[in-house]
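Everything below concerns the one structure shown next.
When the chains are written out, they are named A, B, C and D in that same order, and each has its own residue count from 1.
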Amino acid sequence: MAKYSPIHPIEYRYGSPEMKRVFTRESWLAKMLRVEAALAWAQAEVGDIPRESAKHIASRANTEHVTLDAVSVWEARIQHETMAVVKALADACEEPHAGMIHKGATSYDIQDSTLGLQLKGAINIIEMDLKELAKILVAQARKYSETICLGRTHGIVAVPTVFGFKMAVWASDIRNHLEQLKEAEKRVCVGKMSGAVGTMAGLGKNGLKIQELAMQKLGLRPAPISTQIVQREALAEFLLLLSQIASTLDKMANEVRNLQRSEINEVEEPFDEAKQVGSSTMPHKRNPILSESICGLARSIRGSAVTALENVVLEHERDLTNSSYERITVPEVCILLDEALKRTKHVMKELLVHPENMKANLERFKGVIMSESVMLAMTSRGADRQWAHERVRKLAMDSWNKSGAFDKLLKSNTEVRKYLNEAEIDSALNPANYLGTAHKQIERVTASVEAYIRQN
Amino acid sequence: MAKYSPIHPIEYRYGSPEMKRVFTRESWLAKMLRVEAALAWAQAEVGDIPRESAKHIASRANTEHVTLDAVSVWEARIQHETMAVVKALADACEEPHAGMIHKGATSYDIQDSTLGLQLKGAINIIEMDLKELAKILVAQARKYSETICLGRTHGIVAVPTVFGFKMAVWASDIRNHLEQLKEAEKRVCVGKMSGAVGTMAGLGKNGLKIQELAMQKLGLRPAPISTQIVQREALAEFLLLLSQIASTLDKMANEVRNLQRSEINEVEEPFDEAKQVGSSTMPHKRNPILSESICGLARSIRGSAVTALENVVLEHERDLTNSSYERITVPEVCILLDEALKRTKHVMKELLVHPENMKANLERFKGVIMSESVMLAMTSRGADRQWAHERVRKLAMDSWNKSGAFDKLLKSNTEVRKYLNEAEIDSALNPANYLGTAHKQIERVTASVEAYIRQN
Amino acid sequence: MAKYSPIHPIEYRYGSPEMKRVFTRESWLAKMLRVEAALAWAQAEVGDIPRESAKHIASRANTEHVTLDAVSVWEARIQHETMAVVKALADACEEPHAGMIHKGATSYDIQDSTLGLQLKGAINIIEMDLKELAKILVAQARKYSETICLGRTHGIVAVPTVFGFKMAVWASDIRNHLEQLKEAEKRVCVGKMSGAVGTMAGLGKNGLKIQELAMQKLGLRPAPISTQIVQREALAEFLLLLSQIASTLDKMANEVRNLQRSEINEVEEPFDEAKQVGSSTMPHKRNPILSESICGLARSIRGSAVTALENVVLEHERDLTNSSYERITVPEVCILLDEALKRTKHVMKELLVHPENMKANLERFKGVIMSESVMLAMTSRGADRQWAHERVRKLAMDSWNKSGAFDKLLKSNTEVRKYLNEAEIDSALNPANYLGTAHKQIERVTASVEAYIRQN
Amino acid sequence: MAKYSPIHPIEYRYGSPEMKRVFTRESWLAKMLRVEAALAWAQAEVGDIPRESAKHIASRANTEHVTLDAVSVWEARIQHETMAVVKALADACEEPHAGMIHKGATSYDIQDSTLGLQLKGAINIIEMDLKELAKILVAQARKYSETICLGRTHGIVAVPTVFGFKMAVWASDIRNHLEQLKEAEKRVCVGKMSGAVGTMAGLGKNGLKIQELAMQKLGLRPAPISTQIVQREALAEFLLLLSQIASTLDKMANEVRNLQRSEINEVEEPFDEAKQVGSSTMPHKRNPILSESICGLARSIRGSAVTALENVVLEHERDLTNSSYERITVPEVCILLDEALKRTKHVMKELLVHPENMKANLERFKGVIMSESVMLAMTSRGADRQWAHERVRKLAMDSWNKSGAFDKLLKSNTEVRKYLNEAEIDSALNPANYLGTAHKQIERVTASVEAYIRQN
C-alpha cells in the first residue's frame, strides 16, 4: 500500500462509509474469524470439542488479536488465504485450544459463510436505501399529483399527465424491487458447514447439527445442500437483482436529465449555485451531473454483474474460477449501487420542479396534444372512430406544420363542427379535463406502497 | 416467405411445438384479437359500448375472420402494426359494431396485454418442464444415493461422495428456480388498459374498472400503474430468471460432459448405438453432443437476455427502443430454454451411469483421496490438526509422485503410527466410512423438493 | 414448416434480401457442397483422387442435385449434419466417384470453410453499406457546413456549432469502422482442411497443399493453424466489430431522436405524411420510429454478440458448445446490422433539417451560450481567466433564472465594461463569430474520408 | 483513506507495479498536469501566450508543486475535478503566468488527452507481455514438437497429435492479438484540444495547429475530429480487444486445468511442493489455482468491458454517463489483464509436462483413437469410404464396450482383412505414423510468429 496512491474509485470517490465497512479487508477478516468462532461454538454444543476451547477461540477471534498483517505474513508463506487465517488465529490462541480451530472444516465453509454475512450486511443497507427512496417518491407523487405537464412518447409530445404520476410509477417500481429483495434474501443469506465435497465427512455424524447451530449463531440460513461451496445460483440472483435495481435508477435519472434539458427545463437536480462550477469554460452551465453519474454507475453495475451467470457453471464439487470475480465484483457492485441509491434519494428529495415551465410547455403544444381528446369527443357524439382519427390527424398535421392554430382549424372545420360546438371544442382542448384517473391512480399506488413498507 | 428457405434455427431445428405455438405470428395475432375482444367486453360491462357490439366483435376477433394476410396488407399501407390489426378487425365486423373497436385504447394497451398472455403461456410450459426435471433428479438422487464415487475439486480428486448427491444438489437448484418463477409470475403476467400516457384519459371515468375487467377476462393481473406501457422491469426480471435457469442447466450438462470424458467415463448421455454417427471421420466416437448443445444454448440465452436491462431505461411515458429486441429475444429465449430443458430432462432420465467405472476410479486414487480422513482420524486420537495436516500432506505428495503406495507409506510411518494402528488406517482409508451425512442429506433434500412440487 | 407461421422477425420483418440470401438454409447447403467440391478438386490437383472424380463431384455438388429435403432425411436417420450432406451428395454421384467424397476430411473442414464463405459474403455487404453511409454523411456534412446550431453538452445548451459538424464526426467514425473491417477481414475470412485434430493426418502428406488449393478455389485464406476447428478468436473479433458498428449507428440515431424532440424540432427523420399513421390514438404524432428501431436493433446486436467471447474458450482440439450459438447469432447479427445500416442510410439521406428552428433555438438561448465567448473576449483584453469566468458565470446565472436579458446584463456591468465596449459585446455574442475551425475541420475530415473510400 | 483498509483486490492483491503505476491517482494527476503544460507550450509556439509563461507553467506542472491534497481541497469546494486541477496549478504558479493556464480549453481537452496517455502506457505494457508470451509459446511448441499425445474432441479421445501443436496454435493466437493491438493503437492513442463542442472556438484561429503541437509533445495522435470529447468508439475497441486477449488466455489456462485433471495428469502448472498448501483440509491436493485464477480474471475482464459499447452512445456534443464507468473499468481491466498475462507467462514457461503420462494415456486408448487411421488405410486399398467407416465404427464400439481388444478384433475380422494384412494393421495402429503435417505446421507457424515479433 505504501508505494501507491489508490487506483480504484471505490477507494477514494464512491461509496458510503456504512457500505464500505461491510467490505473492507479488515471487515472481511473480522467475519472470517467470527465464522471460525461460530463453528467452534457449534462443535462444543454437540460435544465434539470442549466448551472452554470454543470460549477461548471466541475470545481471540477478532481483529485485535488476529491482525491483517499477521494473516498476510502467513499467506505470503503458504499461498492459501483461509489457511493463513487459521494459522494466524492459532498463533493467537493458547494450546490445547489452538488445535480445536477449523476442525473438520474446509476453507469454503468459512469463506462462503463469510460471504453470506457480507451479503446480509449489504442487503440490509440496500433495503433501507430502497425504503427511504420509496417514501421520498410517495411524498413527491402526492405533492405533485395535480401538477399538469406534458406526457411524451417517442420524445414527441403526446397527451397531458401530471408530474406526480411519474413519481408514482417509480414508487411502484421500487416497491417491487423491495419485494424481490425480500424474496431473494432467503436464498442469498446462507452459509454452510459441509466440508470438502458437501458430505460433511470431516465433521462427522453431527455434521447437520453443527451446520445448523453455526448458522443460527451467525444469523444465516444453512444452505439446503452444498458441495464444497454454496451453489452460485443465489449469488447470481442477488447480483442480477442489483442490476435490475440499478436499471430502474438509470431510468429515473435519465428522466431527470431529459426534463432538465434547456429546451424543456421542467425540473433541475439540486445544484449549489453559490459555488459549484458547472463547466470549466462555460460559466452558465448547470449540468445534471448527479443524474448522469447515476446512469453511469448503473451501466457499470449491470455490466459487471452479468458475469455472475458464467460463474454458476462450476465443475464437479467446485472449481475456483469464480473466486477472483467475486472478490472484485461483489464489493464493487454493492458499493456502486449504494452510491447510486444515495445519489438518487438526494436528487429526488431535493429536485427543483418548475410547474410554471410545465405550464408554458403545455401551452406551447396545446393544439396537438389535445387531438386525441378532440377525436374521442367526436366519437362520443357518434362519429366513427377511424374516420374521426383520420380527420383530426390531418388537421393536427396542418397545425404542426404551420405551428399552433389548432383550435381555430378545428372550429372552422365543418366536419368537426357536425359533432362539436365551440364550447365543446374548448372543453376538449383543456388539459385539466383530460387526465382520466391520474389522481386516483396516484392515491391507490402510493397507499399501496406505503402499506407494503409498513408491513415488511 | 416464398423467396427464402428459413434462416433462424428456431424455425427448423430448435423448439418444442408447444412453446413455438405460443410465439408464432399467427398465435400473436390471435392474442391481439383476444385482447381487443376483452376490451370491448369490459367496456360493454360498464356500459360504455353496447353489449351486442362487444358480442359481435368477440365473434369476429379470431384468425378465421382476421387473417395475417389481411393485417399485412394494412400494415404495408399505414406502417403501424396495431392499427393494421384494428383496421383488419374492423373490416371483418359489421357497422355500427366496427366503430366500437379499440375505443379509447392505445396500441400498447393491446400489445402489452398480448405480451402478458405470451409470457403466461411460456411460464406455464417452463414451470411444467422444471417440475418434471426436478422429479427426474429426485428419482436419480435416490437411485444413486449409495453409489460411491470420487468427489473432485479444482479438477483434482478430493474425497469420496455418492453419485446421487450431485443429483440432489441439482434438484435443490431446480426447486429454487421454481420458487423464483412463482414469485416472479405475479409481477410478470400483467396487462394494462391505461391509454396513451397511463392516465386512462381515453377510456374515461370507468378506466380503472375497464382495465380490471379486461385483465380478469384475459387471466392477467392489471399492472399496478403504467405509462403508455407496462414498465419493463418485470420483463427484465423474467428474462434474467430464464438466464439463471439456463446457467443451472449449463452446470448440469457440463458435469455430464466432464464425467463422460474418456479418461473418467463414469456416465454417458443417451446415444443410439445402432445408427447414430458420432463423427464423420472417427468411427469410435460417442460424443456428449446433447450435453454440449445444452451448454451452448445456455450461453445464447444468457447472452441475449442481458440486453433486457438496457431496455428498462425508456424515456418519458415510453420510447420504442425496446420493441425490436422484444420481438426477437422474448420468443428466442423462451424457445431455446424450453429446448434446453427438454434435452436436459432426456439426458438426466436416460443417463447411462457406470458404477463399475466409479469404483475403478476410486480404487485408482484411493490413497490420496483418503488423506483428509487419515488426518482427521489422527486428530481424533489427539494429534494436533495443523501438525497432522502437514505430516499427511507430505506423505500424500510422496505417494502421488511415485503413485499409489499411500497405505503402505502410512503404515510404515512412525509419526502416523503413534496415533493409528493398521486396522484404523485401513478403516480410515475405506471410502464407505467417509461419506458423512451424504445419505441423510439426499433424503432430506429430495423429500423437501417433492413436498414443494406437491404444494405448488 | 407447414405447421407454423414464422416466429423470428428476421423471417418476416427484418433483413435485406441480399443479406438473407447469404444465410438461408438453402444457401448454407450450397456452400457446404461447394466446399466438398473444392476439396475434391484440390485432392485431384495433387493426385490423391482421379480428376474425373473431382469433375463429377463438382457437377453434382449443388442444390439442384442435392436437396435440403434429401439432407434432412439423412440427418433424421443418423443425427449428424455434415455426414448427412456427404451421404446425400454421395447419393447424387455415381460410383466410383461417390467414394471419393470427403476423403480424409473431418466435418469441420467443411463446416468452418462454409462459415468462412458466409462471413465473406456478409463482410462484402456490410462494407458496401458502410461506404454508402460514409458518402451520405460526407455529402450532408458539406451541405450543412454553415448551418449554425446549438451545441449541447449534458443536455444543456453549450456553445454554437454547425449542423454539418455532427455529420463529419459520424463520417469519421464510419471511416474508422471501414478500416477495422479491412483489418479484421484477413483474420476472419479463413477456412481450413486440417482433419480431426488439426494435424491433417487424414489427408496424408499432401495436406498443406490440399488446404492451400482448396482455400484458393474458395477465395478464402487458409487458417494459419487450426485444431479440428478454426480458432474462434476471429469470429469473436468479427461479431464484436459488428457490435461496435451497431453502437455507432445507435449514437447517430439517438441524436436524430433527440433533435426531433417536439421542444427542439431541429430535424425530422423521413415520414410519409400522406398515409403513415404515427399513433393509433394520437393523430398528430410523427414519431422517430426508424431511429428508435435503429437504437433497438443495435442493443440486440451488441447484446447477443458478446457471448462470442465465451465461445473462444473451447476445450482440447474442440468442443461443440459454440455450435448452437453460431447457428443462431451469426445470421441474426449480420441480418440485424444490415437492416440497421440500411435504415440509417435512409434516415441520414432523407433527413428533414430545419435550419429555421436551429436559428430560433439559438436566438432563444443566445445569452447563455455565448458566455464562454464573452469570457474569452475579456481575457483577450487582459482580464484574468479565472476571475472573468466567475464574473460571467454569475451574470449568466442571473440571466438564466430571469431568462434572456444576458446582453443587457453584460452591457450594464461595470466590471465587464472595463474590458469590452458595446460593439465588442455584441460581436462576442454573435454565434457566427464563435465557430473556431469548424468549417476547416469539416473540409479536412470529409476529404480524408473520401480519399479513404477511394483507395480501399 | 485513513478510515478504511482497502476494499478492491487491485489495491492489495492483483496487478504488477508497472501497470498500477499507469493508473494511480497520483500518476493521473501527473498526466493531467503534463497535458496542461503541453497545451501552454503549443499556445506559446503559435504565439498565443508568452513563451516564458509556458516555461513557467511547465516547471510547476508536476506533482511536487501540485499535490493530490491540494487538488482534493479544491474539488471539495467547487465539485469539478478538472477545474480543481487548474486552480491548484494556478496556485502553484506566479502571476501573470497563472492566468495563462488552460486558456480556451475545456475540461475534456485535458481529461481525454490524459486518458490517451494512460492507454498508451497500458498498451506498451500489454504489448511487451504478449511478445514475451508468444516467445515462450514458440519455444515450448518447438520443445514438444515430437511429444505425441492424445488429441481430444468433445472431451472424448480422438486421434493423436503432438503436445507442441497446442502451443503453436496459441502462439498463432497471440500473434494475431499483437497484430490487432498494433492496428487499434493508431485509433486508441489519441488526444484532443478542441474545446467545448469540438469547434475549437475557445482556442481561436490557431486551434488546429495548437492541437497538433500539443499532441506531438505528448506523443499522441490528434483525434481526426472530436466533439467536447474524443468519440468513445476507440475506447470500446480497445477494451473489447482486451476482452478478446483475456478470452484466449482463458482458453489456454482452461486447457492446462483439463490436462492437469487427476485422471489425465499430462501437465501440471508450477507448484512449490516444499511449502505451498493446496487445500486447508486435503493434504494431497495440487490444484491448478493459477490457471483457475487466469480463467476467473478473464471472465471479470470480458464481463466488465462490454459496457464500453453502451458508452459509445453519448448525446449531442457529449454527456457524462461514460465517466464513472471509465474511472472504474479502464484501470481495472488493464490491471487484471496484465495480471492474467503475467500469470499465463509463468504457467506456460514453468509448465511441468509429463510425456510419460501422455504415452500411457495413448496406450490406454490405442485401439479406438486409431480407428480413423485404419479406415483410411482400408480406403487407400480400395474400400469404399462410407462402408469402411461403418465397419470400423462397429468394431470400435465393440472394443470400447469390452475395452481394448481393438487390434485383435481388426485382425480377426474378415472384411477388414480383405484390405489389410497384420503388418498393415499394426502400422495403421501406430500413432507416430498418423501425425500428418504436425511437425511441419509447427515449424511454419513458429517461424512466422517469430518473424512477426522481430518486425513489429
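The rule is short, and it goes like this: a contact is a pair of C-beta atoms (placed from the backbone, for glycine too) under 8 Å apart; a residue touches a chain by one contact, two chains touch by 3 or more.
Quantities reported herein were computed from a predicted structural model and do not represent experimental measurements.
**Q** Just to confirm, which listed pair, B-D, A-B or B-C, duplicates the contacts seen in A-C for more than half of them?
**A** Duplicate interface of A-C: B-D.
**Q** Could you quickly compare A-D and C-D and let me know which has more C-beta contacts?
**A** Ranking A-D and C-D by C-beta contacts puts C-D first.
**Q** Just curious, how far off is subunit D from subunit C if you go by their C-alpha centres, in Å?
**A** The separation of the two C-alpha centroids amounts to 24 Å.
**Q** So what's the Cα centroid distance for subunit A and subunit D, whole Å?
**A** Using C-alpha averages as centres, the distance is 32 Å.
**Q** Could you check subunit D for residues that touch two or more other chains and list them?
**A** 86, 102, 104, 152-155, 158-159, 195-196, 202, 257-258, 277-282, 287, 289, 292, 295, 302, 306, 310, 319-320, 372
**Q** Any idea which subunit D residues touch subunit C in the complex?
**A** Touch residues, subunit D against subunit C: 86-87, 90, 99-104, 151-155, 158-162, 165, 168-169, 172-173, 176-177, 179-180, 183, 187, 195-205, 207-208, 224-228, 231, 233-234, 236-237, 240, 243-244, 247-248, 250-251, 254-255, 258, 295, 298, 302, 306, 309-310, 312-320, 372-373, 376, 379, 384-386, 434-438, 440-441, 445, 448.
**Q** Which subunit C residues qualify as touching subunit A in the complex?
**A** For this pair, the touching residues of subunit C are 152-159, 257-258, 260-264, 273, 277-289, 292, 310, 361, 364-365, 367-369, 371-372, 375, 389-390, 392-397, 399-400.
**Q** Where on subunit D does subunit A make contact in their complex?
**A** Touch residues, subunit D against subunit A: 1, 3-15, 17, 20-21, 23-27, 68, 77-80, 82-83, 86, 102, 104-107, 195-196, 202, 257, 272, 275-282, 287, 289, 292-293, 295-297, 299-300, 302-304, 306-307, 310-311, 319-325, 327-329, 331-332, 335-336.
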